[in-house]
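Next up is a structure, given as structure tokens.
First chain written, first letter: the chains are A, B, C and D, and each begins at residue 1.
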Amino acid sequence: MNLPADDQLTIAGRTFRSRLMVGTGKYDTFEQMRAALDVSEAEIVTVAVRRVNLDQTEESLLNYIDRTRYFILPNTAGCQTAAEAVRTARLARAAGLSNWVKLEVIPSDGTLLPDPIETLEAAKTLVEEGFIVLPYTTDDHLVAKRLLDIGCATIMPYGSPIGTGRGLLSQDRLRRIIDLVAGRVPVVVDAGIGAPSDAALAMELGADAVLINTAIARAKQPIDMAHAMKLAVLAGRAGYLAGRIEKSDNAQPSSPTTGLIGQRI
Amino acid sequence: MNLPADDQLTIAGRTFRSRLMVGTGKYDTFEQMRAALDVSEAEIVTVAVRRVNLDQTEESLLNYIDRTRYFILPNTAGCQTAAEAVRTARLARAAGLSNWVKLEVIPSDGTLLPDPIETLEAAKTLVEEGFIVLPYTTDDHLVAKRLLDIGCATIMPYGSPIGTGRGLLSQDRLRRIIDLVAGRVPVVVDAGIGAPSDAALAMELGADAVLINTAIARAKQPIDMAHAMKLAVLAGRAGYLAGRIEKSDNAQPSSPTTGLIGQRI
Amino acid sequence: MNLPADDQLTIAGRTFRSRLMVGTGKYDTFEQMRAALDVSEAEIVTVAVRRVNLDQTEESLLNYIDRTRYFILPNTAGCQTAAEAVRTARLARAAGLSNWVKLEVIPSDGTLLPDPIETLEAAKTLVEEGFIVLPYTTDDHLVAKRLLDIGCATIMPYGSPIGTGRGLLSQDRLRRIIDLVAGRVPVVVDAGIGAPSDAALAMELGADAVLINTAIARAKQPIDMAHAMKLAVLAGRAGYLAGRIEKSDNAQPSSPTTGLIGQRI
Amino acid sequence: MNLPADDQLTIAGRTFRSRLMVGTGKYDTFEQMRAALDVSEAEIVTVAVRRVNLDQTEESLLNYIDRTRYFILPNTAGCQTAAEAVRTARLARAAGLSNWVKLEVIPSDGTLLPDPIETLEAAKTLVEEGFIVLPYTTDDHLVAKRLLDIGCATIMPYGSPIGTGRGLLSQDRLRRIIDLVAGRVPVVVDAGIGAPSDAALAMELGADAVLINTAIARAKQPIDMAHAMKLAVLAGRAGYLAGRIEKSDNAQPSSPTTGLIGQRI
């Protein structure tokens, strides 16, 4: 690809070439997951701590992920309170998984939307305990600002509710977060991406990365979709760097309307 | 790229590997245009007949386009009536340019939207005269149906008005055309694409190709944007073939919410 | 209501106080329809010629409509070609119903979208035969322009497909028609209105009237919805005349942010 | 109007007939404001405490509002922290204005969006101190839930940022709040309403009331717009009670397509 060689994603001092992070849930088989990860060229792979066999005594998801190639990002999926999320992060660290944590605190009301108050509380505790915290959050820039002030390593707002595949419901709000965070930490659009065009759009708005799970794992052909998403993230990033045209209310001819045959450009 | 080797675009019996068609207007220089065409990997390049030096006696746009590499598609940009468009197509053919024509009939009211009645009339005449006609048209599927019945070689509905970069204003209408045409001739989304995500979306809806001019030529870095658009078309096509997830009103966890630590997938 | 007394709708020389036209299909009973018409305060009531008992020998829809109070507008619902529509209009006139006709030419493809070519052809014939023609049309302003040039008495673009209740899918296109027609003949938004807010919005955009059928007849409480629609049309019209604020990308405080307690306005 | 006589809005035990609340900022003159209030038929009028001459020694906004007719709702506009908002509410109560308070806590970042954390903190304190608290809040249902649990008397989510007139940017989120609150306290859509159709739509979604300031005060004709907004709120409420048709993807004829002339309904 033609992206500049120094166009890297840096999170808490670590650099990555890929701007596509992927999840590991919902695949039909571990083998399918492994093949999709491979094709995606992702470097960061998020894993629900609840789903990992921490003692590794029997077959585990982790056996299918080459940890020399992928950076494992444990997440607190399934935690409904700050206390549960903190406990889960500690457990993962104690088991040697990582001191990075993708923080998710989601009440049980069926919307799968993150609870801003519990998320802030957990983030504060975890940062104080030395974790590198990557919080899944709403698209409210004032919540994002507080997460930033606490010392989180990324801001990860949703595009739309988890698993809906509805794309970016509020470009305004995402843009507000991107403008606010402005190069201090990466913004990663997490949740709701349903198609390659959604991933490209997130990047075009200036997001630093996207995280995708369901849209790949539940596509009709997950491995082919992993490939499509890889291309889409590259396309969106390239488009962002190339500087898109402004949207205009008024039509503009691409060929001069006053031109005559034989006239130059 | 990993698209199947037999995933080709066929128009009037000719096959193409690329699903990105590009225009030649609005570049700062011919050299910039040439470089953008190169990076885009487009095979079909559309040229306003009015802008071509048909007698080739002095420097012309065509000198900058390698005709062994690109297929030149003359267009009737600047024509406001069926009669003008027919005359322009004949002129291009007589000058040896091509018997293919991208038909554009656009009144002078500033909206740059195609006139369905004049377009139908011109299409009918041109098909009868043996032209391969690729008409720029509205997103009205009933107009598309008539163009199809006349024997046009593609249907080229707009996404939004020319040069506005507003993307696909009506996915419903485009889908209706795509469903209607259903593999009889290619559908090419023409006009209004502003960013890579728009190009990807058009392909995801099932369009067979897209045509882009302003969004590349007027980007801050046209050559880089040509690259982004190439990737976006590939991403969108791959996504279409991979089968995206359905959009859902209800959130769906990507990790099982009932799982316990240690549990398998 | 406080609308200016001279705020009247004029079509082909006839004036009306109400800007809400209503249809007569889909009610559970004729009695319910009669009550809804009454509450709506509509003056123009459209009736499918196919559904009218033209010889009046047995119970007919028309027996339930007080023709001294309502102006009956026959429509050509169910006609798929210009020829059928012309024949139906002639039949209605011959039976003494009216020389006004709401022209609908809709192919049988299930979309219920008007065919622009057949509509133009029928409109031309009917205007030449002395009919007052109110054509149901797409939201394509170039088709609207031709209908205007033919001599139609109104332009009646759709908001969204008939019966879908999806409101105004393209405010841009409606505005383009409204700007074009600009006081020459009334613009009536017909089809797709699902809720009072849709009716208000159509009026705010500058439409001269709206025509509603399904959204009233199939509401849970049709008579109450007729009342709601009446209010909504008044609200939208009043809002249009009062001149709404511009939409702004930037927030603007409604209370001065620099003010001190005790400071004046 | 024909709304049922018992269709009343009840907040903290007080009942109101009108579901339109209005603000008092941004009018050209106090006289214009008074006339607009009159025409709006609002009963609840919100006033920035900062703008009120609390000692009443000189001419004040309050001199123009008939307090036997209107219920004055002091607001904390201009407060950027919980502490400031609490202080302002106490000041208003001490001055005899009211123990009701419309709580607004808005940071100085120019977006005019409410800070969820400061708002929650201020709400908690004020409820504990015996205030009737009506908080302006985001459209995040999890924040709304906490405000409800604290004991707030209403939930007042925004439609779009204050003064933008962009209407209801997220119907999904508003609906989620309305479903959650479900008759426990009223939901009042506050901020962003730009036109009568926006007000009607808020009511159709099931909001119990709307609060409007800029869209009336800065309309070209504020008094006429107050009238339009009154009608729109009535229309939307009536439409909500009447039960709108479902939106459908598929077109549905309003006249039977199989009918023959003469056939009954």
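As a convention for this text, a contact is a pair of C-beta atoms (placed from the backbone, for glycine too) under 8 Å apart; a residue touches a chain by one contact, two chains touch by 3 or more.
Small disclaimer: the values here were computed from a predicted structure and weren't measured.
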> Smallest number of touch links from subunit B to reach subunit D?
Replying inline: 2
> How far is the middle of subunit A from the middle of subunit D, if each middle is the mean of its Cα atoms, in Å?
Replying inline: 36
> For subunit A and subunit C, what's the span in angstrom between their mean Cα positions?
Replying inline: 47
> Which whole number of Å gives the spacing of the CA centres of subunit C and subunit D?
Replying inline: 31
> Where does subunit B touch two or more other chains at once, residue-wise?
Replying inline: 111, 113
> Touch graph of the chains shown: is it line, ring, star, complete or other?
Replying inline: ring
>> Dump the list of chain pairs that touch, please.
In response: A-B, A-D, B-C, C-D
> Hey, which residues of subunit C end up touching subunit D in the complex?
Replying inline: 1-2, 23, 25-27, 29-30, 33, 39, 48-55, 59-61, 75, 77-78, 91, 108, 110-113, 161-166, 194-201, 204, 213-215, 217-222, 224-225, 227-229, 231-232, 234-236, 238-239, 241-257, 259-265
>> With touch defined as at the start, can you tell me which subunit B residues reach subunit C in the complex?
In response: 107, 111, 113-117, 120, 138, 140-143, 146, 169-170, 172, 176
